[in-house]
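For reference, chains read A, B, C and D in written order, and residue numbers begin at 1 within each chain.
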Amino acid sequence: MSSLAQSQLRETFELNIGPQHPATHGVLRIKVVMDGEYIDRAEPILGYIHRMHEKMGENRTWNQFWPNMGRLDYLSAMAYNHCYAGLVERAMEIVVPERAEYIRVITAELNRIQSHLLGFGAYIMDLGGFTPLMYAMDEREQILDLLESVTGSRLTYCYFRFGGVYNDIDDDFITGTRAFIKRFRPQIPMYHKLVTGNAILMDRLIGVGPVSADMCRKYGATGPVLRGSGVNYDIRRNEPYSVYPELDFDIPVYKECDSMARYMVRMDEMVQSCRIIEQALNKLPEGPVMAEKVPKALKPPKGDFHYAVEAARGTFSMRAVSDGTNTAYRMRLRSPTYSNVSLFEEASRGMLLSDALAFLGSLDPVIPEMDR
Amino acid sequence: MEVQAEGAGEDKAKAKAKKEEDVPRKNGLIETEYAKRGTHLDVQINPDQVVKAAEILDGEGMTLEMVTGVDWLKEKQFEVIYDYSYSGGQLFRVVVRARVDRDHPDIPTVCRVYGGANWHERETWEMLGINFVGHPQLEHFLLPEDADFYPLRKDFKP
Amino acid sequence: MSGYFKDIITGLKSLAVGLQITNKEFLTKPITLLYPHESVKMYPRYRGHIELVKDPETGRNRCICCGMCEKGCPSGCITVKSEKRPGVKGKVLTAYILNFTTCSLCGQCVENCKPEAIKFSNEYNLASTRREDYIFDLLQKLHPEGVPEPEVDPELLKKEQEKEEAAKKAAAEKKAAAAKKEAAPKAPAKEGGESKAEEKS
Amino acid sequence: MNELIRLLAYMLGLAAFLGLNLAYLGWVERKGAGHFQRRTGPKDVGPYGLLQPLADGLKLMSKQLVVPANADRALYMCAPILIMVPAVLLFVAIPFGEHLVPREFNFGLLMMFAFASVGGLSILIGGWGSGNKYSLIAGARAVSQNVAYEIPMLITAINIVMITGSMDLNEIVRQQGAYIWNWNIFRLDKSLLMPISFLVFFICSLAETNRTPFDMGECEGELVAGYHTEYGGMGFGLFMMAEYANLVIGCSLTTILFLGGWQSPIGIFPGPHWFLLKMYFLIWCFVWIRWTYPRTTFWGLLNLSWKYLIPFSLVNLLLTALFIKVF
């Protein structure tokens, strides 16, 4: 057959997935060139919820930038709080009281479980199973209630402060957290029975969306995507911050490189987060939750500073260029899903439409964080 | 990693003294204090060495974490900062900086080396107007398609 | 071939396990909180919109009108209006306007407030179709029956009045002096101007 | 004349039965989904939310019918009607009780399959006529799915025909005895694989009615809402109702072919109540399955059909033929 005839036979059409589409979890748009049910080329188009947080960082004082941290990744806002606190504390050389660091770790890990729970539920919903989402939401509600009782908000936390946290945790929170972990532990095997072991789900996830370790490296993918590709890399372990070095936990790593591996990393991380929380609660020291000498008008020294934390979706890092005034000269936010989704275009080539959406879900994108 | 380190002989104290001044620092390699800055190695190079540096760091198995553009209005320069990190084991963070003229902000792209640089460079172009020569798709990304301004430039007035 | 049958059996088994779990959940009691009929217990730390604190001793707000909340607010949603009243120490708050449409509930204002005059309210049941409904005057909200007049300190009032009178006097004297001073050089200048005009014409 | 009055009475009765089912199966599904998910489901409209279907119907009917600009107007409008016609028509042949049959056909089974195929066609028409790419993909998927699953379904039905020697649905029920071991599902003397045959038929009817895990036509995670993406108001309502009508028919057919229709499992009081009980139990299983499993992919679906269902049904067919020949 001549090439001309072939090209005539091969009829492609364009399909816009999003910005309003059930599978894109928000306003991500993917322009897909389809060849029947196969994807020829898929180009993610961002910017539908772009709010220019980086410019806000230049205009607002260091203290005023706090609320922005809850509005990037609205699902793991605590980790973002942690990064910003760490960044400015590094620049100002503020020493944080130990109790505050433990509280930070406890709340951040609770937040991570919450984020993974929603990620899990929403992912299964992408695959057509509605019920696990509701079970996950039930558990998640418990965490939100716990965090609400200390931080005052349910989603967009603005809880950490330079030198500590906004307010101390009380006994109710501690007992509530212990009770939650006791209640949550047996739920995970139930999820595995209901969802992971399901033949239909296994058929959909195993071998779908292969992302090699080298591809992750080239695209800067981190978090469960990288760990699902067999690379043991977690900022909490490799670049320890806060009190993570004092806590004993494992980094789940799967070598399969497929959607199932990424899904399993998230499920196992929830168990590890439970372990971290329990240890942190046991080790929680007495003392103040706020450093004593924190100036009201912050003026970090000149130069640029970098800080990275492990958010629920991967490495979140910030680079602030300070010129010695009370605002940042340049604030750069590196969001994990931005890099994770950037490999979608290359990895999804030649995939089936339904597989591609299963793959996209396994990257667990949060759009406000990508668009910033 | 020695190739791009032209001024590697420069000793630490000298470099620190230089940093205190306001003049842009000379090309070279500084070991920074991790606890203070969050990076281990700070490398200043010419814009045309960016790709070479990326290739070297790629050979070492490092990841390009992000690309940052900074507008130094007073010095009439743009600074492009590449953050590299090592995900293979021992933590190691390298910052590569290059400064370009503000009137002719041309810098070669590292897309060919790191696929992930595509989006980062595209964003930097969009926000600051730094032209990444050889970039496959310098189109509007986060901003609307008809945006004819560079919002992160210091002289940008909304 | 044995793998083929094994697949079928394990697959069917996994499906049966799933059915079992959902069936168990079906038989347990639902956990829904029927919202309009029951209401949610709010935590004392819940961050609703901010509100002024009523001082239990005086029954008035504690605001000293320093404007720190206004300055610290990242989104500029607070406007403090104050004025000086005769016989009252410090400034008097006349309006505390919170534009709740842009508030991000970060707590910078509450933290910045030295006299602890503002706190987060527990109000979550805010719903409206009009934007104007979210521009609150917190002072009116604190005293819905009418803002009480600030307490007048008679001594201070007296002092102030004296001061004012003295100032008035001083001002009057100054004015008189200035008028005198002005009157003297002004007259010839005026004349001069006129004469100039005359000359020109 | 008597025949005419009888038919009219049956038509009225069927219309009432159908209307009630279509309205309240939606309620059952929502209530079931709620309880499977630790929720309560509809609750506020009427006691236990029992008036919810009325409210839904009112809402759907009061909506404006919008024809999208790209749509093929004629096809777009006729698809929801076309999908309802066979769904309603097929009730005529169903024997609810031994003497409670609207119209006895000699070829009832054949008629069932013939009209059931029209449903797939109308989904394609709806998908094509909407002028939406998602709808088109969904329509194409639904048709290939229907074709793929009709084969094992028909082969399994042929089993039954071979055993009973009749295509009359009432006759098929009559031949299954009065006790549970006399039902076709347990008639191991006719073929050892009968229970598996029932499973095959059950899975096929899941797929034929476009229910999760086989709802390729709807596929809300990928294709927005599949073939009825562009439909609103009563157009969507008709698609919805047709789904439930097909559900009732699919379950009725399974009951008739395998579970002994109106026969009683314990040998006493045979009648329509047994038929309805069995049918509603199957419908409940459908609801249960829907709220438990994720969706298969299109390939997974075809794999299942070609790799498992068709070989099994063929083996079963051979086995049945052998049994009939030998014994």
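Definition applied: contacts are C-beta pairs under 8 Å (C-beta built on N, C-alpha and C of every residue); 3 or more make two chains touch, one makes a residue touch a chain.
On a predicted model such as this, the values are computed, not experimentally measured, just so you know.
Novice: State which chains count as neighbours of chain A and simultaneously of chain D.
Specialist: Touching chain A and chain D alike, sorted by label: C.
Novice: Averaging only over C-alpha atoms, locate the centres of chain C and chain D and give their separation in whole Å.
Specialist: Each chain reduced to its C-alpha mean, chain C and chain D end up 62 Å apart.
Novice: Where the centres are mean C-alpha positions, what is the separation of chain B from chain D, in Å?
Specialist: So the centre of chain B lies 63 Å away from the centre of chain D.
Novice: Using mean CA coordinates as chain centres, what's the chain B-chain C distance in Å?
Specialist: Once rounded, the distance between the two centres reads 43 Å.
Novice: Please report how many Å separate the Cα centroid of chain A from that of chain B, as a whole number.
Specialist: Whole-Å distance between the two chain centres: 25.
Novice: Pull out every residue in chain A that's touching 2 or more other chains.
Specialist: Chain A, residues with two or more chain partners: 131, 135, 138, 194-195, 198, 200.
Novice: So which stretches of chain B touch two or more other chains?
Specialist: Expected reply: no residues.
Novice: Multi-chain contacts in chain C: which residues touch at least two other chains?
Specialist: In chain C, the residues touching two or more other chains are 15, 18, 21-22, 25, 31.
Novice: Which of the chains are touching one another, listed as pairs?
Specialist: Touching chain pairs, listed by label, come out as A-B, A-C, A-D, C-D.
Novice: Enumerate the contact residues on chain C facing chain D in the complex.
Specialist: 8, 15, 18-19, 21-23, 25-26, 28, 30-32, 34
Novice: Could you please specify the touching residues of chain A with respect to chain B in the complex?
Specialist: Residues in contact with chain B: 46-47, 50, 52, 54-55, 58, 87, 90, 93, 215, 217-222, 226, 231, 233, 238-239, 303-308, 315, 317, 319, 321, 329-330, 332, 334, 338-339, 342-343, 346, 371-372.
Novice: Under the definition above, what is the set of chain B residues touching chain A in their complex?
Specialist: For chain B paired with chain A, touching residues are 19, 35-39, 61, 63-66, 68, 70-71, 81, 83, 85, 87-89, 91, 93, 95, 114-116, 118-119, 127, 140-144, 151-152.
Novice: Give every residue of chain A touching chain C within the complex, in rising order.
Specialist: The touching residues are 60, 63-68, 70-71, 131, 135, 138, 145, 148-153, 156, 158, 161, 166-167, 190, 193-195, 197-200, 202.
Novice: Please give the residue numbers of chain A that touch chain D in the complex, ascending.
Specialist: 13, 15, 21-23, 37, 124-131, 134-135, 138, 194-195, 198, 200-201, 203-204, 352-355, 357
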